[in-house]
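These are the structures, in structure tokens.
Shared chain: chain A. Partners: chain B in the first complex, chain C in the second.
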Partner chain A sequence: MVTLAIAKQTLEDMLRRKILLVLLIIAVGMIALGPSVGFLSPRESSAVLRSLGLAVILLAGLLITILSGIQVIPTEIERRTIYTVLSKPVQRYEFVLGKFLGGIFTVFVMIAAMGVVFLSVLAWQEKRFDPEMLKGVVLTFFQMTLLGALAIFFSTFATPVVNFFLSFGLFIVGNLSSVTDSLISNKNPATRIMANAVHYIIPNFGNFNLQNKLIHPSVEISNANVFIVQNIVYAVIYSAVLLLLAILVFDKREV
Partner chain B sequence: MAAAVSIQGLTKKYLDVWNKAEITAVDNLNLEVNEGEIFGFLGRNGAGKTTTIKMLLGLIFPTSGSATVLGKPVGDTDAKAQISYLPEEAYFYESMTGWDCMDFYGRLFRIPEPQRSKRIQKALEDVFLDPKAWRRPLRGYSKGMRQRIGIAQALINDPKLLFLDEPTSGLDPIAHRELRDIIVNVGKQGKTVFLSSHQLPDVELVCSRVAIIHQGKLLASGTIQDLTTGDTVEISADRVSESLAGRIRGVVPAAELVGQRLHISAADPSKVNDVVDLIRGGGATLLSVKPHKRMLEDVFVDVVMNEGGA
Partner chain C sequence: MKASTRRNLGLAVIPLLIATMFLQAAIDPSVREINKGQKTAFQGLSGEFVLGPLLGLQQAVAGLLWVRADEFFHSGDYDAILPIVRMVTWLDPHQLDVYITGAWHLAYNFTDSSERSDRRYIPASQRLLEEGDANNPEIYDIAFELGWQNSDKIKDFARAEYWYRKASGRHGADERGQAKAPVPMFVWHQLAHSLARLGRLEESVDVWKKALSMSEDFVKKNPTDFSRRNVRDSEVHNLELTQKRIFSRYKHELDWEVDAKVGKGVNRETGEPLSRDTYVFVTGSEVSQKAAAYAKAGLSAPAMAVGLPRPPAIEPMWNTAFDVRPVFTAPKVLEVKGRFNVGDGARVTVRLHDDTYRNAQLKEFSFDINQDQTLMLDQHSVRAGTFGRKVDMSKDPKMYSFKGDTYYLVFEFNPRATSPFIHDRFGWSGEGMTDPKYLWTDSSLQPDVRWVRKVYRITRDQVFGASIPESAVVSNEEYARMMAEPMTTK
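Let's turn to the complex of A and B:
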């Protein structure tokens, strides 16, 4: 109950920020106007919308996740609102979890809003509902959950600016799984070890991009649904580990 | 009487910004606060009051030493449910309304509805926050209104022990008096108050016991009565001759003669009769004999200045 109260407060605080509203308006505008780029045949315009929609949701989701992940905890310390919270019968783990959940609820609300617009526009355009794209949106949300947990973990010891580069950098590296994949079979043992380390330690963000299936058709996915569930489980377990580490660090933190 | 707060050898060292020099903010502090008393925690700016309070609440951790609060080690959740804290400068979530802010804190104390709404209503009434402001965002609150919310959130859990860090700083005289009366009232309900304040006249009025710390060390502690004993008497006389002054100095060495005027600012009351007899017998004119009550402020200045802390 305490965790949820903190999550609710965090969500409400985030949703009141103008930057989120601006992002949402821009993203929804791009998705809604995507198909009307004139001079495209209905088939082309459908293809544009599909990649544009997922890309816009990913980009906006990325910004919101990083923005909220790097600052929900530091803001509390900087504004000293944390004093009146942690002096109450609130465990530090409840605080970290509440802050994380509040950030993730925010991301969820934003992605859900963009997703509904995207799927509706697509359904209107194609006169049918495409479950593939819904899966794409859901995977993006879990990708952001993992990124959010990473940013929360860093925020327990790094400043927001450092955290921004750490989280963003790891997100990019984690998206290059195909590169590390190919390096793992490199002849040089040092390169192999490095590639292995990067591949297994850094969260594998690349696996969440359904678009990659189009870009790398050679990667054969036998059962898409199993693949999606695997990724969701991966995101949940990896996030749980990151949160556990975040709690361990924050437990010792002076506020 | 049981101890509400018990501090043993508490020490806190901070590193400075460059992580080089150490600042000993609290230095081997030993202190007991009894249940049901309003305890004044005094010291100059930077003496270590806030640091001590933050350690007692588990917000920061001691370098060495230990403390118990309501008989439990610092940070114990059961104890925290019966504690409340008003930070030095009250910071809240600016976009929340006064009521929502109280509701949030009520949830953190795990107070269920409908009890929570009742407690909020009572707390806001107790601190005389204008009901018109209850549903307005805190960002539009004045300093005094914020301070009232700060006290209200420290009352919402009906605590046994309140830590109030300078609750009356920056308030107008009326608000100041109102908040002081709230603290007196809290004390009458048998709650323990750990009060850090620079308003010594207030402290003298509301506190039963005080401690004075300086550069992190405890310099003095005791009841106000004990600390302020040693009332003195001021005597002045005119047309005092040198030889008379000499005889008077035999009784009270601190006598000052300026021209023919004699002034004794701190005479032991038991010596007053002797001095007055000498003055009258020596042909001088007695001007006044005034009792001078020693105030907490005098004690504070004496204690802190004697420590060489300018």
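Let's turn to the complex of A and C:
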């Protein structure tokens, strides 16, 4: 209950932040402008509309997740409100979990809003509702959940600026999963070891990229639903690992 | 937090991390399937476009790049489009239209000042399409495009048939997500046309029958689909026309004018008009004309009388009396004067190339072509038994560098690439034509095809104005043997 109360308070706090709302408005505007690529052939136009819509959701989600994730704990420390909270019967792990959940609720609300606009624009443009695209939006949300957990973990010991670069940098490295995957079979043993380490230890954000399948229906994978479930489980377990580490670090931190 | 709790939490991290590793290993095969054919995130990308792929937005960057390419296209800046095509296909190997448009630019839009295509780009164009087809092996689009390019541009009907057949075994994909839609009927139609071009007429007829059967089934189930009914009607027309042509060219010549006026049907198995009077002679003068043709060929005419079927259209053998004299009136300016005893509208192909040039088969796609190589191809129409015009290559030194020492100058007529009204006289494979000097029978693909071809082997000095003697003519067999050899580079 305490965790949920902190999460609720965090969500309300986040939704009041103008920067996040501005990001949301810009993203929604860009998605709504998608059909302006209609001068291409129908097939190209559809591919561009779908890829741009998913890209805008991802980019906006990325900024919203990082901006909220890097600030939730340091801001409380900076404003000294954390002393008020922790002086009450609130465990530190409850505080960390509450902040994480609050941030994720925020991201959920934002991505859901963008997703609704995107799917509506697509349905209007293509004269039918494509439920497949929902999978892309869902996977983006879980990708952001993992990123949010990463940002929360870093926020327990790093300043917001350092955290921003750490989270963003790891997001980029984690997106190069196709590169690290190909390097795993490299002839050079040192490269192989490094590639394995990066591929299996660093959060693999590239896993969540289902765009090829969603944009081009002809791309087939053996079992798309299993793939999606695997990714959701991956995000949940990896987020749990990061939150455990965040709790352990925050527990030792002097505040 | 108690120390034991902290320890337990710390220990819990380890199995969870191991679980993520196993999950990652399970996820990897699916990710590989999704990204098949896609190059690494930022290969070949300029700085402004690197960030998107780093964030996993390859498809979005590819889309934006293609929007930019469209702007270049409308401003006529074709050179700028090709690097974008390369990048887009690397980022998103499922953009079928990008492969097709890029290949079209390469094969058709690089031209000299007289609008002749730079055919040195054709292998690159083909390779780009082959790469796209390999990345989209279930979809018909790119295989169809390969068939079309081989048929329309290269006139290699065997390759065209190969790709059309592949395309016909695929399925369609469109922007509405109908990934398993059947291929459009025009794929089958083109397969039938390519088989006819190859002289494989029975197979062509079989494909028309199959296409017609598919359309009839479809129309039965969807009687209000008027578009498909039109397609079915066109298949009826093409099937009957092909059968009538086979009948007229190889069995009994039809009087097309009378047949068209009467508008009778045709026996779809034999090609014979349902009304017999549509293919018999209608006047005595036609019998005389036919008899005169036999006499001209030095043959005795078969028994013909008004009211009886006439002999097939390809008889008697027609002497094309082909010959040509090339002269370079100025450096790199070729003047062609030839005679060719065929109907107006037939086209003679004029080709000039390095003696080392062969049809390249690229292993990897590349825009880079051998700029030192010269390859010119022109088509000259026959009018009143003559052909020829000036071919000025002096204004385009990049296309026609003439850096080699020796060249082949080829004048040829391929009956399979010509128009139906010429086929009406010669047949699909040139069965009805002969030539005392330059007839060459190509037996590499069955049935045999009879070409008319005259080949000169000339020197660089001759390209720059020295006269070309008739002793420079080489045999067709020698030229064919040489062209079959692998490409050598200087």
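In the analysis below, the second predicted complex is superposed on the first by the 239 of 255 C-alpha atoms of A that agree within 3 Å, B and C clash if a C-alpha of one lies under 4 Å from a C-alpha of the other, contacts with A are read in each partner's own complex, and residues count from 1 in each chain.
Here is the rule we use: contacts are C-beta pairs under 8 Å (C-beta built on N, C-alpha and C of every residue); 3 or more make two chains touch, one makes a residue touch a chain.
All figures in this text were calculated on a predicted structure; none of them were measured in a lab.
Annotation: superposed three-chain arrangement on chain A; chain B versus chain C shows no clash, the two fitting side by side. Contacts of A:Ala197 after superposition on the shared chain: neither chain B nor chain C is touched. Judged by the touch definition given at the top, the superposed model places A:Ala123 against neither chain B nor chain C.
When both complexes are overlaid on chain A, the residue A:Gln230 reaches chain C alone and has no touch with chain B.
When the two complexes are overlaid on their common chain A, residue A:Lys88 makes contact with chain B while staying clear of chain C. When the shared chain is aligned, chain B comes close enough to touch A:Ala5, but chain C does not. Contacts of A:Val48 after superposition: chain C is touched, whereas chain B is not reached. Counting the residues of chain A touched by each of chain B and chain C gives the higher count for C. Of all C-alpha pairs linking chain B and chain C after the chain A fit, the shortest spans 9 Å. Once the two complexes are overlaid on chain A, the chain A residues touched by chain B in the first and by chain C in the second are 91. Interface of chain B with chain A (complex): residues 54, 57-61, 77-78, 80-81, 83-85, 87, 89-93, 95-96, 104-105, 107-110, 153, 157, 163. Here chain A touches chain C in the complex through residues 37, 39-48, 50-52, 54-55, 58-59, 62, 91-93, 126, 128, 130, 132, 171-172, 175-179, 181-182, 199-201, 204-213, 215-224, 226-227, 230-231, 233-234, 237-238, 240-241, 244-245, 247-248, 251, going by the rule given at the top.
Residue ranges of chain C in contact with chain A, taken from their complex: 1, 6, 9-10, 12-13, 16-17, 19-21, 23-36, 38, 40-41, 52, 54-60, 62-64, 66-67, 70, 92, 94-98, 136, 138-139, 173-179. By the touch criterion stated above, chain A contacts chain B in their complex at residues 1-2, 5-6, 9, 12-13, 16, 79-91, 252, 254-255.
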